[in-house]
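Starting off with a structure, shown below.
Order of writing sets the labels: A, B, C and D. Residues in every chain begin at 1.
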Amino acid sequence: MHFGPHLLLAALEGLVTSAVLALTALGLSLVFGVMRVVNVAHGEFFMLGAVLAWAISTAISGHPAIGFLAALVLAPLIVGAIALVAERLVLRRLNYNPEATIVATIGMLYIIQQLALTFYGPEARPVEPPFSYRILLPWFGYSGYKLSVIATSALLLVATWLVLTRTKIGLVMRATQYDSETAQAFGIPVDRVYGGVFALGAMLAAIAAVLIVPISQAHYLMGQDPLLLSFIVVIIGGLGSLRGTVVAAVLIGLSDGIISVFFSPTLAKIIATFLVAMVLVFRPHGLFGTASR
Amino acid sequence: MTEASPAKPYALHLGVIALLFALSFVLPDYHHGLLARIMVLAVFAMGYNMLFGYVGLLSLGHAMFFSAGLYGAGLTVYHLGWNVPAAFAAGLACGALLALVIGLLALRTTGVAFMIVTMMFAQVFYLVILYFASWTGGDQGLVVQQAARVLVLGSASLDLTNPTVRYMSALALFSIVLLITLAIVRSRYGRVLVAIRENEERTKMLGYDTFSNKLIAVVVSGTICAASGAAYALLFGYVGSSFASVQYSILPLLWVLLGGAATTLGPLIGTLFMYYVIDITSGFTSAYLLIVGIALILLVLFFPKGILGSIRQRWLGWLP
Amino acid sequence: MTDKNGFFDLSKSTLSRRTALKGLAAGAGLAVAPGFVRYSQAQSSAPVKIGFQSHRTGIGAAYGRWYEKTTAAAVKAINDAGGINGRPVEVVIEDDGTDPARGAEVVGKFATQHKTDIVFGTLFSHVVIGSAPAAGEAKIPYFVVSEGHHVASTKLNRYVFQPGITDVKSQIQSMAPWIAANAGKKVTQIFPDFAFGYDHRDYLPPALKAQGADVIAQIAIPPTESSFTKYFPQIPAETEVIYHVMVGPAVLTFVKELGEFYGSNRPQLFGFMDSLEATDINSPGLEFLDGSHFWEGSPRYAQPDDSAAQKAYRAAVGIDDNGAAVGDPKDVSTASHMFGCWETLYVVKKAMEDAGYKGPEDRAKLVEATEALTEFAEGPEHPQGPKTFNGKIHQCFGIQNISKVEGGKLKVVHKTKIEDGLYEPEGDYTTQAL
Amino acid sequence: MMPLLTTKGLSRSFGGLRAVDGVDFALMPGEIRAVIGPNGAGKTTFVSLVSGRIQPSSGMIVFDGADITNLPAYARVRLGVAYTFQITSVFANLSAYDNVALPVQRTLTDGRSKGAVRTGVMAALERTGLAARAHMPAGQLSYGHQRLLEVAMGLALKPRLLILDEPTQGLADSEIDNFIQLVREIAKSATVLLIEHNMPVIMQLADRITVFNAGKILAEGTPKAIRENAEVQQAYLGTTP
């Protein structure tokens, strides 16, 4: 294939990765930014979203789009509820102590993974896409669903941005993020905000997972890579910066796609990872983070 | 850490070493073998604790130091036919050098950025191992043949594959590192490390070059972890990339937090605890990870400072 | 199958020492009156204990479950027929977490805690390689069903055997004649960028060359990859056959994306079943595979010409004509590999009987008896087909199947000969000390 | 006599704000110098520049005849420039003993003092009256004691120049009297640069006073002269009730 189309393909693929990554990382960023909790179980919420999407879409017969839409609504709600319970039962009692929450979320990771293995099984299972339209370009074919993932993700990101910047909920969250003690003093129910943020973070991961299962499959160990990548995105983007998170996700997704055009794949991963690490070394607060605080 | 009588802590640590020595003669074979492994990995945890517990730097990349030792020792035996002491030294050197380079870069960052940067460097290291599969055996790894794992001391030769020799070698390494750790922690340098953890800015204003001090701590920590990796390669004969994966960066953190960060014996307790929880529960049910997960959560709810950390807080304030 | 023995029973250590003394006494007795001792031992009904190292968790869990089912079925069959040397067989299972470090610990646990006679099991190469030193040091025979080339490479040790499944080097080599003759001469390989893929990378080109065909491109995919489309442009346009072998949960994605990329106008496809083990061939997105060919160890779908032994084997393990669990059509088996568990256990039985195996003190004899085996005839004990065994490299060689995807099923269109897969031995385990 | 410390054209801006603006300053050995000025006048920024906690935008700092403008903070401390924090920042989780041991062992390592760590620590704790509380975690000391501990840490550094940033803030009157005694004693062996709001304390302690306003030195002189300076009264004394 010629260079131009090859690059186009790599860029499209990179954008799909970016789209899903941005949503997942945004969830992590909220939890990380507002609660200062390093949620190691974030990838498992992602996995749970995918597994539930499979369960819901196979339970509903009829056109695949019905099952998929049901999954897109229900799976995040269920995951959010589970996250809320986990937050109430465990994280709150730990007073959100940074070290203790790491151990606790590692514990959650094991529990969720094991439950998925026991009840869902070790197999990778596919979910049918809501529609399967193959876009025919002069050089290659491309999945129409993948393009719709990019669009959906962009819409959701804009919606989240509006919620965070234009609504009272967003204001309350930002106030809590900025200084939880002062927020408390101003009558903001910090405790409930934390619960909500944790659930919301998990839900974003679950939505991302539902979007991705028609492309890749649900598998009980699928949570690790999104977790690691999300961490990287959140830090590169700068803590608590929504714009930074999205830019970093696009940057990492695209670089992952495009560098693979030029180098042997594993070498490409080595180079990409190293470069991103070096960015962080020389911009320790990320691309959009501020030095203070 | 006040300069109280040093007798009690030293007595305790020597007692623990003596106990481990005595256990060698009474433990059933299986637990004998398992404990040898646990002691080697506890050294890994102690190395991690040096940086995380005492300096307060949370790294998610220590698997690279462990595997630097693992591959440094394993590959020199496998490809170059080096003898055991030389291979062990090569492992240490690899770990120390890597730690120096990583320290110089990563210490430009702090907090979560430090955590992510170390994680990414470790990921690079992991991928490099896979990339050079013709040398490293890639994901399958390599077996260090039994014949190569003999320690020749003058006219005597110790077969490291013999369970007793292996246990005693593991114990020797563990004891040396434990006593070194104790000595560092109780030294002036140890006091500076804790000061950096508590308030780096203030420590600078007391005349300390905190960057150099942290760099030394990274190198010491990395070297100890490499010692553990090198010992693992030589004592257990397998070198593989799974030891460089992120899982092996999380494990020492977990062991240390369980046992008690910034306690000298915590890493051993944490490693021991985690190993036996898995060993026992995997016998009852195939869903043992569920129990492990619940155990972790309960532990952190009721012993937030780790097992030994909580004991120190509640009863034994003098524990180092 | 029991899972578990006592956990921390200090009395065991004294017990073990007593047993050791008894063993010594028995050894002395053996020298004086061998016939008598043998007789009394043979009468013993203490079970032969087999430690089963299983991928219950981790990336190999889908295989682990079916390996356990097959093993249970084989053990039941063996026990129903009188056991081994008149003793029942008992299997003790430990989870290796699909992790080499844990794998080695589990081997140690079998040898010293459960005190099993042998260790048996696992699939993933890194677990086998990680566990091999522990088996060699404990001097406990370790029978693996991994299909990796690691055993035959003679880089492990004398206690490791693979007598139930052909190694991947031989599999690849025996595929080449058919590919060159039926699929095409210009082959592009797509394989995972780790050891399992390297076997394909290294062994296929020379084998094809010998058949007058060429590998024109090799595309290695990093192990962490979950999306593949961006690699497809590297497939040269003149490619006649895409030879693909992917493993892990991302395989379905691979096939789907290949389908989206090519549409109906695609080159020939030839793949290894490893890609789709435990996965329904009729999953959404896999329609693209229709008409393509696969290597299969043992066919997943029942074939019209199945032998009685094959039918009996399928019934015993509990898989239906579509290779799924009886009663649960969604629970698809790992048919291409798991037969190896069945066959390996029968090899163990044969070798133990040849050796007059009585207990752990006879492990060395068991090793030698296994090495002395040369051939396994097709039959109830070897339902996949006949095999030869090379005692020097501890590896068996059998026939392979090439199947075509047709109407949502896999139909065997070609069976290779054993000779197709033979190669020069790379070493000799029998020169190692026991 | 040569000044112990001089700054020439010392400036530092944050964004558009010139917090310290071309300050020329000289401090003679053995002096007790007070720096006063309204909030935001640049006092703390100025001493932070001197101690090396922040870097100047331009200008030069000379300590004991040597240019220290580019030295990092820790190196200045080793030369004898000690700084005690405005906001108490003792190591709360360490014992009072360990808090003081840190500076003591520093001077031992640098060869600026001799003997055992213990001797040095106890001497500093005695001088500040904290010896009996040596083994209490610093965080559990009363606020006044924490301020004293802060001073003890400064003392233990054996400074030639001790910078005290609002040391009496939050102290009770009785504690302030003790404190004045302490500073007088310190001044026998070190030069003292004091940022202070409490005018009675300044009048009792300071040999000379430097008045900052809007990042610049407004006036400098003896307490008496400053008190009578009309400009100062307007800019500073006049505006604070």
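By our rule, a residue touches a chain if its C-beta (ideal position, glycine included) is under 8 Å from a C-beta of that chain, and two chains touch if they have at least 3 such contacts.
Being a predicted model, the structure only gives us computed values, none of them experimental.
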Problem set entry | Shared interface partners, meaning chains that touch subunit A and subunit C | B
Exercise. Which of the two pairs, A-B or B-D, is linked by more C-beta contacts?
Worked result: A-B
For this session: Could you tell me which chain's Cα centre is nearest to the average position of every protein Cα atom shown?
Result: B
Exercise. For subunit B, which other chain has the most distant CA centre?
Worked result: D
Exercise. Taking each chain's centre as the mean position of its Cα atoms, how many Å separate subunit A from subunit B?
Worked result: 32
Problem set entry | Rounded Å distance, subunit B centre to subunit D centre (Cα mean) | 43
Seminar exercise, completed: Whole-Å distance, C-alpha centre of subunit B to that of subunit C, is 35
Problem set entry | Inter-chain centre distance, subunit C versus subunit D - centres from mean C-alpha coordinates, in Å | 76
Exercise. In subunit C, which residues are in touch with two or more of the other chains?
Worked result: 57, 193, 222
Seminar exercise, completed: Residues of subunit A that touch two or more other chains sit at 114, 117, 266, 269
Exercise. Tell me, which residues of subunit D touch at least two other chains?
Worked result: none
Exercise. Among all the chains shown, which pairs meet the touch rule set out at the top?
Worked result: A-B, A-C, B-C, B-D
Problem set entry | Contacting residues of subunit C [partner subunit B, same complex] | 3-5, 7-10, 12-13, 16, 56-57, 94-95, 99-101, 104-105, 108-109, 111-113, 125-126, 129-130, 132-134, 136-137, 148, 150, 155-157, 193-196, 198, 222-223
For this session: Enumerate the contact residues on subunit D facing subunit B in the complex.
Result: 51, 53, 72-75, 77-78, 82-83, 85, 89-95, 97-98, 101-103, 105-106, 109-110, 117-118, 134-135, 153, 157
Exercise. Which part of subunit A faces subunit B closely enough to touch in the complex?
Worked result: 32, 38, 40, 90, 93-94, 97, 99-100, 102-104, 106-115, 117-118, 224, 228, 231-232, 235, 239, 266-267, 269-270, 273-274, 276-278, 280-282, 284-286
Seminar exercise, completed: In their shared complex, subunit C is touched by residues of subunit B numbered 26-34, 37, 127, 130, 133, 137-146, 161, 236-238, 240-243, 279-280, 282-284, 286, 288-289
Seminar exercise, completed: The subunit C residues in contact with subunit A across the complex are 57-62, 64-65, 193, 220-222, 224-227, 229-234, 237, 248-253, 256-257, 260-263, 278-279, 283-285, 331-332
